[in-house]
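Alright, structures below, take your time with them.
In what follows, subunit A forms one complex with subunit B and a second complex with subunit C.
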Partner chain A sequence: MPDLVWFIVRRLFAALIVMLALSLAVYLVFYAIPADPAHLACGKPCTPDRLEQARHFMQLDQSTLQQYLNFLKGIVAGRTFGDGAAAVHCNAPCFGYSFPLARPVTTLIMDRLPITASIALGAAVLWLLLGVSLGVIAALNRGRILDRLAVGVALLGVSTPSFLLGLLAILVFGFWLNMVPVNGYVPLTESPVDWAWHLITPWIVLAILQAASYIRLTRSQMLEELNLDYITTARAKGAGELRVVVTHGLRGVLVPVITLFGLDLGGLLGGAILTEKVFSMQGLGDLLISAVGQLDVAVVVGVTLFSAFLIILANLVVDVVHGVLDPRVSHG
Partner chain B sequence: MSSSVAGTVSPTRQALRRVRRDRSARVGVIVVVLLIVIAAAAPLLVRLAGQDATTYHIDLLDPARGNAPRGALGGASGTHWFGVEPLTGRDLFSIVVLGLRTSLVIAITVTVITTVIGTLLGISAAYFGGWYDAIVSRLLDFLFGFPQLVFMIALGIIVPAKVSRPLLLIGVLSVFGWAGLARLIRNQARSLVTREFVEAARSVGSSSWMVITRELLPNLLGPVLVIATLAIPGYVGAEAALSFLGVGVPPPTPSLGRSISDSIAWVYTGADPWFLLFPGAMLFLAVLGFTLLGDGVRDAFDVRLRRTS
Partner chain C sequence: MAEPVLEVHDLHVTFSTEGGLVPAVDGIDFAVAPGETLAIVGESGSGKSVSSAAVMGLLPSNADVTGEVLLDGRELIGLPNDELRKIRGNDIAMVFQDALSALNPYYSVGWQVAEAYRLHHDVSKKKAHQRAIEMLDKVGIPDAARRADGYPHEFSGGMRQRVVIAMALVNDPRVLIADEPTTALDVTVQAQIMQLLEDVQAEFGTAMVLISHDLGVVAEVADDVLVMYAGRAAERGTVRDLFYRAAHPYSLGLLGAMPRVDVPPKLRLTTIPGSPPTPGSITTGCAFQPRCAYTDRVGERCITERPELTPRPGEGDHEAACHLGRRPSDV
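Then we have the complex of A and B:
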């Protein structure tokens, strides 16, 4: 067990370093832009005096390094722009302040996050269940009709862009069959039933597409696993088929599945962003795209870093689960 | 009995023979060739149809139905083969075939760029090892667990408006695209580096460049070809996704992703589903064709590619 604790500590430390490096890189890239945020904020007519004032207020007159340090400090301790009555306060964790929207970026993100997170988490649960179980079924029925069906579904899933399948689902189930709502988001706190009912189509769409690669992986891994000696041993000792498949075979399958899931986390967020647009839900993607349109750098940097941190954090969790499932990982 | 034949046939030829025998690979080859011909001849096809992708045909729209096209199948007729776009009445056939052209040009360009960069970095990381390998590997880890789509959208803000958007798209997709190929090639190359023929080449004084290009590269051509073919549908999808989100190819250049995005409102109300179905079917065919081809090439070269491990 101490091995595992050390493993987690090491991973935590590595994740922290990556986050710092990433934030510096993102900050340098995005603050090298030709468009001056102060220029946009100062309005018309923009006298040099007012421009200078705006730059000072937004702390853009400081060196880039100082700005970056301010940004980091803001995440830990919050920050204040300007002073006196005009002062704007941004509470920790402050991922920047959007002057065009007059709101802290953290608040903007937190307003939108539940939508994107609802889509992503629900879809992830569904696709893991769907992918692994269909993969196992395909492997156990190798060459038979069920196997071919699962492989066919996997191929269709790999070849259909998520937004296309989403729109087709809206057309068929929403419009023609009138079964499900076609757009809009209902907060979980307002009505859990309506929440799930509005999300069911996005979940299924995203899950079917992503499940495809899990079906393929689980199937091939399971076929390989079932040929190994220890499975023969388990069978020879009289273990039932269910026990052989679930407790022995599946354990070997889970490790690569979890590794793949770690690689797909970034894609999961991307998929959720595409899906929220298809179903007209205003999540993180919508926030980001409109910020790009309005040259709102603070929001763009905030959302980018926030989602990168989220992925790093999720990867950390995946790594730890990996370490628990496969002792070789945490020993190494 | 076939071993005597196999002994005299080069691995590439064997692979080609296997592609020819594989039914789904054959379908893939046919679809891909068809798509490439359509994309290459798109301007010609459009002229043959007597149309273009920019002229408005307001007379073909029905104001009573919110300017959806008149008639069945989205207004399809002898002059407008796929009907017309709602709201503007532009010829949908022109938009779809020119959109396919946009899509394939971007996807294939990105594939070429990322294949060259990924192969060179992957092989050199495996060959030189040490700190160079460590840096490349960390960079790959970093690019992998990265919210790429978020970053691709965000990059739109720092590039001045005068930079051509299709070029930006190619650049952005390339920056994130090479990592997958580089990792797979690195892993494949690592098992080659310790083999005798590499050792032999080194011991007779071949330069690193010579060992990489003359010894390692020819042995990795199979995997490189497989990964590159499998990457194309990914880029077709990525271009469409970014254009769908409104940060890809800007109007008036036709793009399948943007047309699909424009069709959302017409799908919600069911007023003109054909506006989704024609560009959607073309996009689906493009991704499916290249995926089938890629799977076939992979099976033919018998390359084992695991994203995990």
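Then we have the complex of A and C:
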């Protein structure tokens, strides 16, 4: 076990470094965009005086490096723009302040996150179960009808655009059959049943699309796994077929599957842009898209960094799960 | 020979492949008694592993198996998988060539030995773990209680093979099939592992089928030998029959190919010229004919008529499948 703890500490440290480098890159890229947030805030008509005032207030009159350092400091200690009665506070962790929306970016993200997380997590559980079990069934029935069926479903899944399937699902189940709500979001805390009911269509749509690559990966991995010597050993020991497949075969299959899963989930948590659009849900993807439309750089930077952070976090979790699943990784 | 525990009669294994039928094993017989060792020797591809897999019922579904495999007189061929499962690892166990790939990298060695025990005994995990440690200790793994929590990759090649042996012997099987158990190991470790196998065999009275390329090892540990060529028996007999009275040109070739320290370097390693035929490619006559140095003395018959096993002088049931009546060395 200490092996594993040390392994996690090392990975955490590496993740922190990557995060820092990434934040600098994102910061520089977006602040190089010739959209002047001060100009937007200053309104029309904008006198040079007021523009200067706005710049000062938004701390845009400092050097880029200084701005970046302010940004970092804000994450740890919070920030205050201006002073006196007009002062605007952004509490730690402050990932910037949206002057157009007059809210700290952190608050904006936290408001939207539950929606995106609900979509992503529910769909993820579904697609993992669906993908792995269909993949295993396909591998065990290699060349037979069940295999062909699963491979066909997978092919269909990877080649269908998500908005198309989403719109179709809304059309059929929402409008024609009138079975499920067509849009909107009900918080989990308000009514778990309504929450799930409003999410069921996006979950299924996303799950079907994502499961495709899991079916293919699980199938090919399982076929390889079943040819390995230790599978023969398990049979020679007297293990039944179910035990051979689940206890001895699946472990090796899960290692690459979990990698893919972590990255997919990490990416989706940063905003399921198309799905949110199709199902009119105000998640992170929606936040990012409107921020881009309004040139709200602070929000764009904040959400981008947050998404990147989730992906790095997902990588970290994947690494740790690898360490737990595969003793050759953690007991090096 | 004492009453055999495992008997194989007229075993045929035919694979259906895209390239047609492959008769990998084409009618072999052997038997092994408790405490005794039967060695199966022969070049690569002669059907040794396929034969042992057939005994275990471990062949892929494209294999057609006929003949008899009797364990204590009970027919195993055609048994439902559920019945076979109870026999595998319990009555007949296997030791494989490459212990690293034979062990599951994701589980501790103690878990894997304990699993073999739990599959055939209704005991708690704790009890099974105890038993695993006992077994690991018995096969010579130092500090077994602690090492049981280690993973295969943390062990040396020799220690890994000990783990595999512990796993095979944990249920005190009647028959142990060892398929080239030392090929993947260093020479010194090879000797240790063979010694271990002999020791446990003596202690438990296990019948052993030893598949080996190494005639030196065979001379040392085997009681009986079956020489296989192209899926058939070329010769069988006691170990002395083979080493002192080899009757088949192929056996002689193998003996000549054996590296020996007591023979001057120049005479060492006279490998048999040519290579074995692919299964099924020679349907009439003797499969060894294209490579045989003695076929001239026999003539036509070697090409037209397939030689069957016939009795030869020696201890007990010495037999060889060759048209050459006398011992090749006397010709």
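One rule holds for everything that comes next: the second predicted complex is superposed on the first by the 322 of 332 C-alpha atoms of A that agree within 3 Å, B and C clash if a C-alpha of one lies under 4 Å from a C-alpha of the other, contacts with A are read in each partner's own complex, and residues count from 1 in each chain.
Note that in this section contacts are C-beta pairs under 8 Å (C-beta built on N, C-alpha and C of every residue); 3 or more make two chains touch, one makes a residue touch a chain.
Every value quoted in this text rests on a predicted model; they were computed, and no experiment measured them.
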Subunit B and subunit C placed together on subunit A: clash or fit? fit
*After lining up the shared chain so the two structures overlap, which partner does A:Val292 touch, if you call subunit B first and subunit C second: first, second, both or neither?*
first
Between subunit B and subunit C, as viewed from the CA centre of subunit A after superposition, lies an angle in degrees, nearest 10, of 80
With chain A overlaid, the minimum CA to CA distance between subunit B and subunit C in angstrom is 11
In subunit A, both subunit B and subunit C touch residues none
The answer for subunit C against subunit A in the complex is residues 56, 58, 81-82, 85-90, 93-94, 96, 98, 101-106, 108, 115-116, 119-120, 151, 153-154, 164, 167
Within their complex, subunit A touches subunit B through residues 18, 22, 29-30, 32-35, 155, 158-164, 167-168, 170-171, 174-176, 182-183, 213, 217, 256, 259-260, 262-263, 265-267, 269-270, 273-274, 277-278, 280, 284-285, 288-289, 291-292, 295, 297, 300-301, 303-304, 307-308, 310-312, 315
Counting only contacts in the complex, subunit B reaches subunit A at residues 142, 144-151, 153-154, 156-158, 160, 233, 237, 240-241, 244-247, 257, 260-261, 263-264, 267-270, 273, 276, 280, 283-284, 287-288, 291-292, 306-309
The subunit A residues in contact with subunit C across the complex are 228-230, 232-241, 248, 251-252, 325-328, 331
